[in-house]
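Below, chain A partners chain B and then partners chain C, in two separate complexes.
Right, the complex of A and B next:
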């Protein structure tokens, strides 16, 4: 009992192993914040390279994968939970490249699996480095919006406090909506201290101190998904991003009500 | 703006000098007990003191005597955040106030530095009550920093980054309010920032990216930029 797709024989057992692997592959990609059409395209390419047909349905929390072989007259369907990984552009690029490598170099399942394990086992980012870079990025935003050196410095340290609060709360598994509200409040209240100094650009410091929280990736992915026809998950992602933006607005509004109600 | 600032300091000093002396006496006793006989009650007492002194700055200094300044309520909220950081530490028993030998001499210097505030003011020709004292916000932040440095086995990092933020505020105040005394906090905070972040870096798991060397270069670069800004101020 064997089929030949792209000259590659597939047995029933082998097909199930491929299904296991593709399930893991697509859950990692969706979890890392890759937009749906790319996940579907890469998974199909990988399936074709390994000798099976792949169909995928995605939603916000789960994905349904069907792997089949016409020759074997066999289909295997499974529902996969999407794990919540941090957004990773690196996984996005590496795992996409892996599907091309499997396709171009006709890699075997074992080779693809080994490479996948290598790519996903890369060490994470240093939290101190991330803390500094996020703070520097926000200070740069402050400059781009016209902030002076003191506004930039205040934004730098205010972001550092807000981001450290976020890291600490997330480590303690606090609900992420609450994390966003608290982090936005802490960062903006610290940045508002610039108002007391009479700095002309203090309001820019206040406004840019929460930019590190803006959910850019879900917003972009939501729009791409909708334009690519994945309406359901696109709307889910946009609603999720919208909720986070509302949380940022709540955190910042608390600060504005306390210190500068004329801005609200 | 400068006049309002210095008038509020003068009113605060004239009305609360006895309370300020009491706070300083309690701080001295708790510091000495922690230094020579670090008992559990002294560690808890120090955290309670940190909460009390933060609330004192928030409500007495900023809310009562600094009310005439613009946005003094912002500072009240900020010092309430500082109190919250110490309260969280007290409830979770996070920092240990445990002895750590390496940076103790530096800690001693910082613990003594708040006393330099009135001395610098007098050298500038100012007279009581219009002088800086160890119970002004920057001097209190410096004392907290000294405690973190002298007992840095496991520190309250929330309190530290709030102090770092305050040091940035202090830097900008040097020129705006003509208060060069605040340069003491800023100067003490930059090496502390390097030390505490390097400690934090060393406590991270091995093998993370980018390399430890790169992150160290980043920390030193940011410290150098902050030092440059202090020079500008």
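Right, the complex of A and C next:
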């Protein structure tokens, strides 16, 4: 490591530029829902490739980054706000690959930065396509739990309306918890129409209709973080996921209160 | 008939995994592998539970372990970190009906809170369903994470040399 630092001399100004970039890199990764040990590992690798030492402390909404150079006997510490991006596995894969590319091909800061801007500017998935895929997924999910074809159809429609609501509320920057409560309520009230239609497996349709909301990524990330020793942020993630699950339950309870008589 | 059951179970699990995965926008190249992992994992759980009489929590642990191990090998092919492949593949195994029954029994418990006999019954049902959903969720996460520790070196250099940059 020492040799790599030496054959790429770093000036003070350059070091600050590197720190700026790494701060951005790590806030994007944390914001897009990457588990902590991967973010730390990647940022350290990127720092090493550019000729600086990197140490990171993370929490749910902010991260602290220290970039240092032994040669300059200089350290630069900053606190970074983590922006709330939608979860993106694509960024996870591409930005990880970028850190390896910087490491293996000895890219300069400008090259890495250009590539980073290119990767993060890629358009995401078409929301209409996602809407269709999610509805289809929830319908198959209903089948896995033993629902018949009519229950699947009801689930498909209910999910489509529920997810559409969620997409629109998210776009209007409504509070996260309210989004979850409202979309769970909308999806389950639509699915409860199965009861009045007299479908045999109506209860399964009702049960599955809200499952597209399950926060799988923070749940599993939280557990990975805890097992990796990042216990504080792991617990934060689990609490966050747990709160969202409670919100789903609240939204569904409102529907159940209304239709409970036809369920017994 | 049994073969048809297993195949359709895998097929629906694959569709469910791809759909739920698309919420977290994985790279397009990962979709086929997510589908394969989900199908194999869910079909494995289906077989364990229906033919060998394994309980749902242990069966989920085994299935999650299969998915986790598979994601190490597929991840190298498409240059994706393991989590990108296995989180969507695990989602079809979320114990939805149990979670629903937990919430439903809780509500019914409050409705019947003044009549001790019925209230007790609902409370018991809630604990039963809650325990199952919690254990299955926990087992899923643990089962898929174990291969990461067993194959540390391999799991941490998955995206090295990616040709998709």
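Simple rule for what comes next: the second predicted complex is superposed on the first by the 255 of 264 C-alpha atoms of A that agree within 3 Å, B and C clash if a C-alpha of one lies under 4 Å from a C-alpha of the other, contacts with A are read in each partner's own complex, and residues count from 1 in each chain.
Throughout what follows, contacts are C-beta pairs under 8 Å (C-beta built on N, C-alpha and C of every residue); 3 or more make two chains touch, one makes a residue touch a chain.
What you are looking at is a predicted structure, and each value in this text was computed from that prediction instead of being measured.
By the touch criterion defined above, A:123 lies against chain B but remains apart from chain C after alignment on the C-alpha atoms of chain A. Looking at the shared chain after the overlay, A:199 reaches chain B, while chain C stays out of its contact range. In the superposition on chain A, A:186 contacts chain B only, with no contact to chain C.
By the touch criterion stated above, A:164 is placed in contact with chain B alone, chain C being left untouched. Touch criterion met: A:154 reaches chain B, while chain C stays clear of it.
By the document's definition of touching, neither partner reaches A:244: not chain B, not chain C. If you count the residues of chain A touched by chain B and by chain C, you find the higher number for C. When the two structures are aligned on the shared chain, A:136 is found in touch with chain B and with chain C.
In the overlay built on the shared chain, the residue A:257 is in contact with chain C alone; chain B does not reach it.
Across the superposed pair, chain B and chain C both touch chain A at residues 124-125, 129, 133, 136, 260. Residues of chain C touching chain A in their complex: 9, 11-13, 15-27, 30, 42, 79-81, 83-84, 87-88, 90-92, 94, 96-97, 99-101, 103-104, 106-108, 111, 137-138, 141-142, 144-145, 148-149, 156-162, 164-165.
Contacts from chain B toward chain A in the complex involve residues 1, 69-75, 77-78, 81, 157-158, 161-162, 164-165, 168-169, 171-173, 176, 197, 200-201, 204, 207-210, 212, 214-215, 218-219, 222, 226, 229, 232.
Only residues 33-35, 38, 41, 86-90, 92-94, 96-98, 100-101, 104, 115, 119, 124-125, 129-130, 133-138, 140-141, 143-145, 204, 206-208, 211-212, 214, 216-217, 219-221, 223-224, 227, 249, 252-253, 256-257, 260, 263 of chain A touch chain C when the two sit together in their complex. Those residues of chain A whose C-beta lies close enough to touch chain B in the complex are 122-129, 132-133, 136, 149-150, 153-154, 156-158, 160-161, 164-165, 168, 186, 189-190, 192-199, 258-260.
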